[in-house]
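There are two complexes below, and they share chain A, which is joined by chain B in the first and by chain C in the second.
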Partner chain A sequence: MGMLSKAKGTRRAYWFILPAALCMLFVHFIPIIWGAYISLLDLDVYTLTQWTSAPFVKLGNYIKLFSGKFAVGQRFLRSVYNVFVYGLVTIPTGYIIGLLVALLLNRNFVGRTFVRGIILLPYITPDSVAYNVWRFIFQARIGLVNKYLLKFGLIQEPLVWLVGKRALTAVIIASIWKGWPFACLILLAGLQGIPAELYEAAKIDGASVWQQFKMITLPMLAPVTKTLLLLNVIWNFHAYNQFYILLGGSVGEAHVPSTFIMQEAFTNLHYGMGSAMSVVLMILIVILIAILLRSKRRASYES
Partner chain B sequence: MSKRVRTVFLGIVLSLVLLTSLAVSGQSKSITFWLMPNAPDDTHIPWLEQKAAAFQAKTGVKVNVEIIGWDVAWQRITTAIATGEGADVFQVGTTWNPQLAATGGLEEIKINEFGGKNAFMNANYVSTTYKNKSYGVPWFAETRALFYNVDMFKKAGVQPPKTHDELYKVAEKIVATYGEGSAIALAGTNAHDILHNWTIILWANGGDLLTKDNKMAMFNNDAGVKAMQWYVDLVRRGYASKACAEYDQNQADAAFINGNVAMCYMGPWNIAGIEQQNPGLNYGVVEPPAGPKGKASFSGGSNLVVLKASRNKAAAKEWIKFLLEKDNMVEYTKNLTHMLPAQVEVFADPYYDSGVWKTFKTTLEYSTAYPPLATWGDIENIVKQEFVNVLSEYVDGTYNDNTVKKHLDAAADRVNDVLKRER
Partner chain C sequence: MKAEMQQSSRFTLNEISRKKLFTKEVVLRILLYLGVFLVLVIVLAPYLWMVSGSFKTSLEIQAADVTRPDLEPRWIPRTFTLENYAKINKTVPMLDYFRNSIIISLGTMFFSIIISITAAYALSRYNFKGKTAVTLGVASTQLFPGIAFLIPYFILFTLINRYFGIQLRNTYPGMILTYTTFAIPFSILMLRNFLDTVPREIDEQAQIDGCSPLGALFRVIIPLSAPGIVAVGIYSFIMAWNEVLFASILTGRATKTVAVGILEYITQQQSRWSQMMAACIIISIPVLLLFTFMQRYIVEGIVSGATKG
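So, the complex of A and B:
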């Protein structure tokens, strides 16, 4: 009897997930498989309207990407390198700022709720608005950054921020500003989940503030940190808005995979090549996520 | 329970089917027309609505007009071509027409239905062709000339320059009077049309983008290198602001229109911008200064094309004919967009022999269009990318006498690869 009703319940559950599963199938899985197939085609401007007649080039697009002989491959690898640099700076910096502010906000003071709301402002501002403002801030002639750098005598003449070597730096600064409140929000929630007794016990044992932070706060935040890291890594590789809005047409050498794929596939109409790059990017993300999840699981076993 | 779920599910499916069929049946008497913001919205939209109503009264076909920005237009149009959905008839930039024709997504046009090829300015007609067939109808033309600020010129005691060398001399004096960066505003790395600005200089130096047979890149020869160095030197010598390196075309235009800068290469459409933003600006327009090998300018503009997958191609063509009627054309170019008409007949209007229009008309006569190639987008983007790299090197302080040659050579290699794909 029990077994039977359980089977019935399971079947019912399948009915409930069917609409979602169908949506996933049509919106995610079929396009992904389709995209992977297109990556084996030389689909370009000539075959755009009859893509079935595009020549099947097997791994030709992938070979072009990795042989190092073709400009498209060099630029793609450069874009992957850029997104790593971008992530390696923005994620830890955002985390540290978020943690420091979360520690401050975890205390009792007048207007705490208000301040907590205020710090979320960068996070809730739409990307298009926030990065357009940053674009103005970084502008060479009228930008605030140059204005203050000049005022304090740190530079002698206005710098061009959004072209050349400084472009990536500019995007990183804007992204940190945009990203840290989310880290702060999550870490604050994590902090509030730490039982106060732990700190009391530690105080009685004579632990210093630093020791408390090191021995209690950080380890207790580990699960939240891992989740945060996971999300950030995924988002990092999707980075598009900040580069597109801040740098516009002048991305130059500061390409990231998303902007580059966009340009190759949708501007230059090399859909085959664009798909190949998307597939490579997806595999890269899957590998990174697998590593992270594994380390997360191991960590949870250990604790 | 599962029966109920099934009923609900069935209900949803049925209503979706019903909605779709309704949508399909509603389409038969209407066409969708996409165009770019060719004139300021507050005059453009009412005019289009009025014309669409007149067209509906005449033919019974409703025209859904949608204005799409230049920055998203390429994406929207290529998506429409790939999917066969979106618009029945739309505007394309002259440089886009051959590439889009190569996709096979555009309806072939019998140009005789629209008055024959001699009814249009030749460069514009050529831009609608791909492998000797027409895939669009020229709508309006544009060319670029040198705008100058009369008051600033007067105070600096200079006359409009007639050659590249003169332009440097004039710039020198203006900078002496008004300070660094005040002589000229330039489109920089953010300008999608930076190439259109540079080719004016390139052709005047006797260079060209590709060889005559369109098989090889030749913009990296001496003339090309000299032309790009001349352009970058405008910034390096302080005639143009260093910030120009990051400008898009609008920012360059604005610097001139606001009266901060004495010169700018701009097009006829900017006249509408001046009238709206700074009507008091005392400006003049002269032909682009000649280079060592004579005068040159860029020929562009827009064409009207029909989507091959459209269910209403006949109505779409009628709409094009309607827009091209002389009265509509004169209104659209003279009063709204300040573009140049692409039709010889409309151009004969005495209006175009007066004032600044005479300058544009003369310039258009010798201006050059890009070669009608399927891979043109690739080629333009490659040269643009290397141009961006040149300007980046300038910004980073690594620019030297070899920089331009290095990047143009790199671009030429890549362009030659692309040209091998051309069928």
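So, the complex of A and C:
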């Protein structure tokens, strides 16, 4: 940049960024801020086109959510509980499977490249394909899951998977199947970044395989593990497709915030209430991420 | 004599331990291959079930019953049929949805590349006030759940239509704008990382040789960052192809994409599983093809995005 005047370069940089900034302003930031305002209104389908005339209820929607007296509030809190359960099962399980397979794929064997490509299939398959196939697999009368559970004598009668109390379990199983390859991909890259000399030195010192795993592999994977955790926590609270598609739109007891807000806003047409729940969801995400980042920073100070 | 015995016994001991080591090695190898086999079965079983379902007659699937051994669902179709593929457009206008998806995804790919390459170039090459804020702003968009801006965004579309007479809902430009914006935050960060690896001397040299900054970008930098651009383009295409949440609210008959159109095979009255499985295969093809050809670039991009970003 030596030849150019600084001010001119700066102005050019703004021009370069402008289209991206405008797009994000229009689709992300204005709607988010405006959504926060809508959450203070009692905006429904009748007031939608004259939205300025919608009653300004201040924190009314939020009070409804947390007072415990209204069904919508109880169901929303239930959906938050569900998404925590969902994440507490899928994230660790996906990580462990991903790590085990990454360790497996980090060894030399015939057809390794091929297998490494194949395991990415669930990750790249469109959500609507993968979860519709799992919906087919989980069908009570014609599905594979019940076929094998019956065959191995684990159940006596076909189970209903996609409605009622087993719905969340079904979503969790399908999501783990779809989610672990991403963890595996990242962990494999992490494994390949560990210098081989570390293991050689440990072997000379007589460390067992387990000790090598505990003292070298796990600590060296800590940075990618933290990134994975951060991404997975964010994505966990975005969960929508797996519930909506697998359960065929009738989510029932298994609602998570996104599906419940969707129903409240676009089926019951309570836009104000839907926005209030979205704001709560965003605050929740921001708090969790702040906690994670803080612990991440503290951990890096210590080491 | 004694020393000799010791030596021979040591020799046999060595032999035994070597044999043990050898068997241990063989057992480990077998376990390794068993593990790999197990992983392949778990990954591939749903795909095999999808393929097998797509070749079954709807009658076979409807009549299946897990409780009756004579009717239990089978991996190999009892009657093999190609009807589900031949009549792909019969019950659900899948080919129309396919066309919509192609148009929207290509449009998204095009605009996302253009918009994110210039922004990434500015972030990589210039120092300006608010640079950190811009980078943080770009990254922060990834935090928000789609549902959080879907409601106000939908209302925004409604109001724009009311006050300016511009219909964005259920139109290609509206959907392309939406998806382009979804694609650019990750694309900008990925391309910035990529451009950071292209030495600055190259664009300085181009400018000395008489290129304008824009000319340097298009004539020198873009060709050099082709792999990064390809990765970003494919990421954007796949993102638009797969998106469900916004498509379910903002598209109608005229612009419905495959990702939501496919749900129409199952209605309250009828479940057309075999046709749906055939459609599942068809709509996976573009994604799988793009990914297979460009696997290296995309995997590199994802991995570097996750480990450096």
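Keep this in mind: the second predicted complex is superposed on the first by the 287 of 303 C-alpha atoms of A that agree within 3 Å, B and C clash if a C-alpha of one lies under 4 Å from a C-alpha of the other, contacts with A are read in each partner's own complex, and residues count from 1 in each chain.
The rule is simple: a contact is a pair of C-beta atoms (placed from the backbone, for glycine too) under 8 Å apart; a residue touches a chain by one contact, two chains touch by 3 or more.
Predicted, not measured: the structure shown is a model, and the values here were computed from it.
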| item | value |
| --- | --- |
| Chain B versus chain C as contact partner of A:Val101, first or second or both or neither | second |
| Touched partner set for A:Ser295, first chain B, second chain C, both or neither | neither |
| Contacts of A:Gly248 with chain B and chain C, given as first, second, both or neither | both |
| First (chain B), second (chain C), both or neither touched by A:Arg12 | both |
| Which of chain B and chain C A:Tyr46 touches, first, second, both or neither | first |
| Partner chain(s) touched by A:Lys165 [first = chain B, second = chain C, both, neither] | first |
| Chain B versus chain C as contact partner of A:Gln74, first or second or both or neither | neither |
| Between chain B and chain C, more extensive residue contact with chain A | C |
| First, second, both or neither for A:Val27, with chain B first and chain C second | second |
| Which of chain B and chain C A:Gln211 touches, first, second, both or neither | neither |
| Chain B/chain C common contact set on chain A | 12, 16, 19, 48-49, 51, 139-141, 157-158, 248-249, 266 |
| Touching residues (chain side chain B, partner chain A) in the complex | 1-2, 5-6, 9, 74-75, 78, 81-82, 84, 99, 102-105, 188-192, 241-243, 245-246, 248, 308, 374-375, 377-378, 381, 384-385, 388-389, 391-393, 395-396, 410, 413-414, 417, 421, 423 |
| Residues on chain C engaged by chain A in the complex (per definition of touch) | 29, 32-33, 35-36, 39-40, 42-47, 49-50, 53, 61-62, 64-67, 72-73, 114-116, 118-119, 121-123, 125-129, 134, 137-138, 141-156, 158-159, 162, 177-178, 180-182, 184-185, 188, 204, 207-208, 213, 238, 241-242, 244-245, 248-249, 258-260, 262-263, 266, 273, 276-277, 280, 283-284, 287-288, 291-292, 295, 299, 302-303, 306-307 |
| Chain A - residues contacting chain C, complex | 1-4, 9-10, 12-14, 16-17, 19-21, 23-24, 26-32, 34-35, 38, 43, 48-49, 51, 101, 104, 107, 109, 111, 115, 117-122, 124-130, 132-134, 136-137, 139-144, 146-147, 150, 157-158, 177, 181, 185-186, 189-190, 223-224, 227-228, 231, 234, 237-238, 240-241, 244-245, 248-249, 257-258, 261-262, 265-266, 271, 274-275, 278-279, 281-282, 285-286, 289 |
| Partner chain B, residues of chain A touching it in the complex | 11-12, 15-16, 18-19, 44-46, 48-51, 70-71, 139-141, 157-158, 160-166, 248-253, 263, 266-269 |
